[in-house]
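Letters A, B, C, D and E name the chains as they come in the text, with residue numbers starting at 1 for each one.
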């Protein structure tokens, strides 16, 4: 990794980064995310989880992937063929695009977009389109119900997600994720001599972000689009074979991407106090991974312990609680920023 | 039958209840009998719905179940019930007359409908029974008096073929729509038993002696029916 | 994979097979959704056809019978001992509790009574069946509402009770332990002590679930006020068990009706709640499991010694007559109306199962609720398919 | 090419990666997977029963459109928060008051929708 | 076009693919009768924990399932649905018939409404005897099925 980093600007560097960020990280996070999900769930439930495929079942994803490759690719009667086939790919695109702007080291980010955070919010909602495509094209009632639920839910939680981020922008004064990390590493808490991870000053924002991310990911308690006991598997009901795996993986990979973004925004990203230069370059990814795992742990923890809301309760929670709270948070942050 | 005679056979717990029924239905009450905390009343077919209303008015408001009985004997139905221990079988077949059945609260016809109601306040149970004319299996529905009777009447319709007059929705509840016959009637025989009688009928000791005959199903049936005949005759 | 042409034929028949005719109201225009027969919310094979408007249920029609095995007919062609084997499988979660009322009805006709020790053991096993049954409900309700973890704890702790049942009866699932006049055999040594230890664990399990689900705000928001059944409607439909007591009707057959079992010899309480909603039904069942552990504790301490079998002939012939015995089973009132003509088996058995009545309220109860609430209501009414369809 | 567009060219390439990946794996899968059509295999799954209608009454289901309208309004308005958020310090008290009024108007809209029952069940 | 249709599978590839299927048996949660509870105990109870073997009970829809466990009594009313659900599973698919009822009708051998054996309507790979079989028996059946899958000739099975 160091060698890639010190190659400097140039096409080789770009290719190196591309390989690292597009293949290594998503694959790694899928593998880890998947095993992590299964293992964590099992251990929470007093079980062992997959044990046979590889040591402690770490190759479960490989087995699943290869198995799904061999599965028949079914399409129900009356489905819209093109849209049905395209939906999982759109979903995967949305996931991959999230990884573009996540900085994993001082110089390691595929594209340090100036509009980074804005871009993240925009790209993450592409998945809604994929879900609506999948549900609409399936010619299945459960799918359609699930897709419409997903639509209603994701648009309701897009706003709190946006609002929770505004506080961070006010404090850091930049939209770039790399800039936010640096602002956190160098900044101090409202003029006090304390280093500022935005978790401290923006804990309301963090809280809203975490809940909205949970809802965006359609994880329990917000998993109505997939509610197994109500509408079987929601928009994924008719998907079989590898297309289902694409959906399934992009779900866990998005969970990891959003965790990484949350840790970048609120936990300081790759930065560690008092470590700069090459060392930061080396340990940065691992620091980020640790923080990401922490937040992913939170997300999955909620997922495996809580019952799910009802659709109207979810809407009410978003519109009547999270959005007003987000607005208040912005105003308070702005007042502090202006006053100090 | 005079009313006084009958009241005496009923325990004190139920004297009120029976009096109520006789007052409301008069001729409709045919017979009654009580055992411990349960009361059986047999009413006329025509006063079946009225009986439910009376019961409900005197606080028998818990609907327990409703079903039918087919009193016809059918010996070929319960094949292994014919099987008896060899020593006893001759005796019971030949010497003893078939035991006379004691129907609680009596009855004349082949089919009866009976239902149980319960009074939560008094903690007393009430069975209502009525006879059905075999040629015209029609009876009033309870479904508008006790909501719970709806499904029970559907079940009884399916199982016995009784028609409940006034029931909005008589359709199959358990069996596929295409099912033919009324399974709980005694003349509905179980096909599996006709094709292959209960293996317990055949004395397991005899089996090794005739190994060739067990090849086809047909010979199996013959063999087993022979065996059972033998055991009865010997 | 023997004969491909046969399989094609099977496929064709299956495609042509007519579904059961459903309610006319539902067959009309509109969005109609099938829940079941293969659906996670229906605990197996109940099918509920709902007509939707948005996600609001306009009308619902439960279609049962996918598990109909013809029990009432089969009892007519079986001997009493064979019937006991069979009826274990009606309510498959609380198997032992199914045997007891049938055996009691047969004993009533024969005018024998099991000796006290047998009565005690029957009651202990009966309550254990209740715990084994309701603990699944307690976990399953969480799964239905999306919290998947509690059911793992339920199945983990249920094993303690199943082990005990197995060590006493030899059957982990379907004990078939009752005989007319008593029991198959006596308890193994040390069983009572280990029972009391297991009951401590079960109480701990109840506490755990109380913290995990009952006190959870989301769970409460999903359950409170959902599927309210007023007392008079409940009685009218013949609801029983916890469903009835959660509607405020103070009626428990264990307390209110005499039978030859040992409940009257110990000190316990019938819990009644007034709300009549899904939450009350859950809470009540949780309390009942706790109460059952206390009953078992007391009975284990006060169990009398003596024989476990009354004097009955080897080949059982039940004298002619009719008898009805009901007991408070885990799911509600279960009763057997046994008619004997003096043969080796019952002439006719009417099996009054609790779930059948409990489910018959669904068309009334589901009208106007929302699709997610359908699942809450189904889970909280708690039915077992074998118990509905027999 | 400007740096700005250059950046988004990268994004575009990234978007291609999953498309290529899925196309390749699905092509590979085609080599490995069997194709065994059966009579009922492609009937839409509805818990093992016959689906009542192949095309369901979709207009019945779309009850979210009011929420969607509210969302569009809110999302566009929330976008206006971003430029201000970047320059809070430099815009100072004036900007703060301006944005307070702005948020107040936003909240009025929310309260209106709330009172109108848009946030009720679907 | 596909390798399977050409009956061409090099041995190492076949080995890898078999192992992948072996360790990833997704089974959909669907019980029929008493056996369903023992099946649930196998899936859910930490004491048995079938997920160890790679049997993952996630999907509720047959579209994502590889394995169908027919656990319990199959009635004539249910049989068409079972056949349909089996067909709706994508190939390659496996069936375990669990319990006496699914094997042969079991204690309801003479009933008027019970199908005497699920193998009349769908092909069964493994039969588990018992009424109901203990969870250990189901685990054994799954191990047997895995052994069967590991030595399977893919093209033989998939082309009929």
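The rule is simple: a residue touches a chain if its C-beta (ideal position, glycine included) is under 8 Å from a C-beta of that chain, and two chains touch if they have at least 3 such contacts.
Treat the numbers as computed from the prediction; the structure is a model and nothing was measured.
The chains in contact with chain B and with chain D alike are C, E. The chain with its C-alpha centre at the largest distance from the centre of chain A is B.
Between the chains A-D lie more C-beta contact pairs than between any other two chains. Centrality by C-alpha centroid: the chain sitting nearest the overall protein C-alpha mean is C. Centre-to-centre spacing of chain C and chain D amounts to 45 Å, using the average Cα coordinate of each chain. Between the Cα centres of chain A and chain E there is a gap of 35 Å.
In whole angstrom, the spacing between the mean C-alpha positions of chain D and chain E is 39. In chain E, the residues that reach two or more other chains under the touch definition are 17, 46, 60-63, 77, 81, 83-85, 87-88, 90-92, 110-113, 160.
Within chain B, residues 174-176, 183, 188, 190, 193 each touch two or more of the remaining chains. Of all residues in chain D, those touching 2 or more other chains are 30, 32-36, 38-41, 43, 45-49, 51, 56, 61, 121-122, listed in ascending order. The chain pairs satisfying the stated touch condition come to A-C, A-D, A-E, B-C, B-E, C-D, C-E, D-E.
Within the complex formed with chain A, the chain D residues making contact are 4, 7-8, 10-11, 13-15, 17-19, 21-22, 25-26, 28-30, 32-36, 41-47, 51, 54-56, 58, 61-62, 64, 67-68, 70-71, 74-75, 78, 81-82, 85-89, 92-93, 95-96, 99-100, 103, 106-107, 110, 113-114, 119-122. On the chain D side of its complex with chain C, the touching residues are 38-40, 43, 46-53, 56-57, 60-61, 63, 121-122.
Against chain A, in their complex, chain E makes its touches with residues 16-17, 19-24, 26, 46, 49, 51-54, 56, 59-61, 63-64, 66, 88, 90-92, 154. On the chain A side of its complex with chain C, the touching residues are 41, 44-47, 141-142, 145, 220-221, 223-224, 227-232, 304-313. Residues 14, 18, 22, 68-79, 88-89, 92-93, 95-97, 99-100, 110-114, 118-119, 138-142, 144-145, 148, 151-152, 155-156, 158-159, 162-163, 166, 169-170, 173-175, 232, 237-238, 241-243, 246, 311-312, 315-316, 319-320, 323-324, 327, 330-331, 334-335, 337-338 of chain A are the ones touching chain D in the complex.
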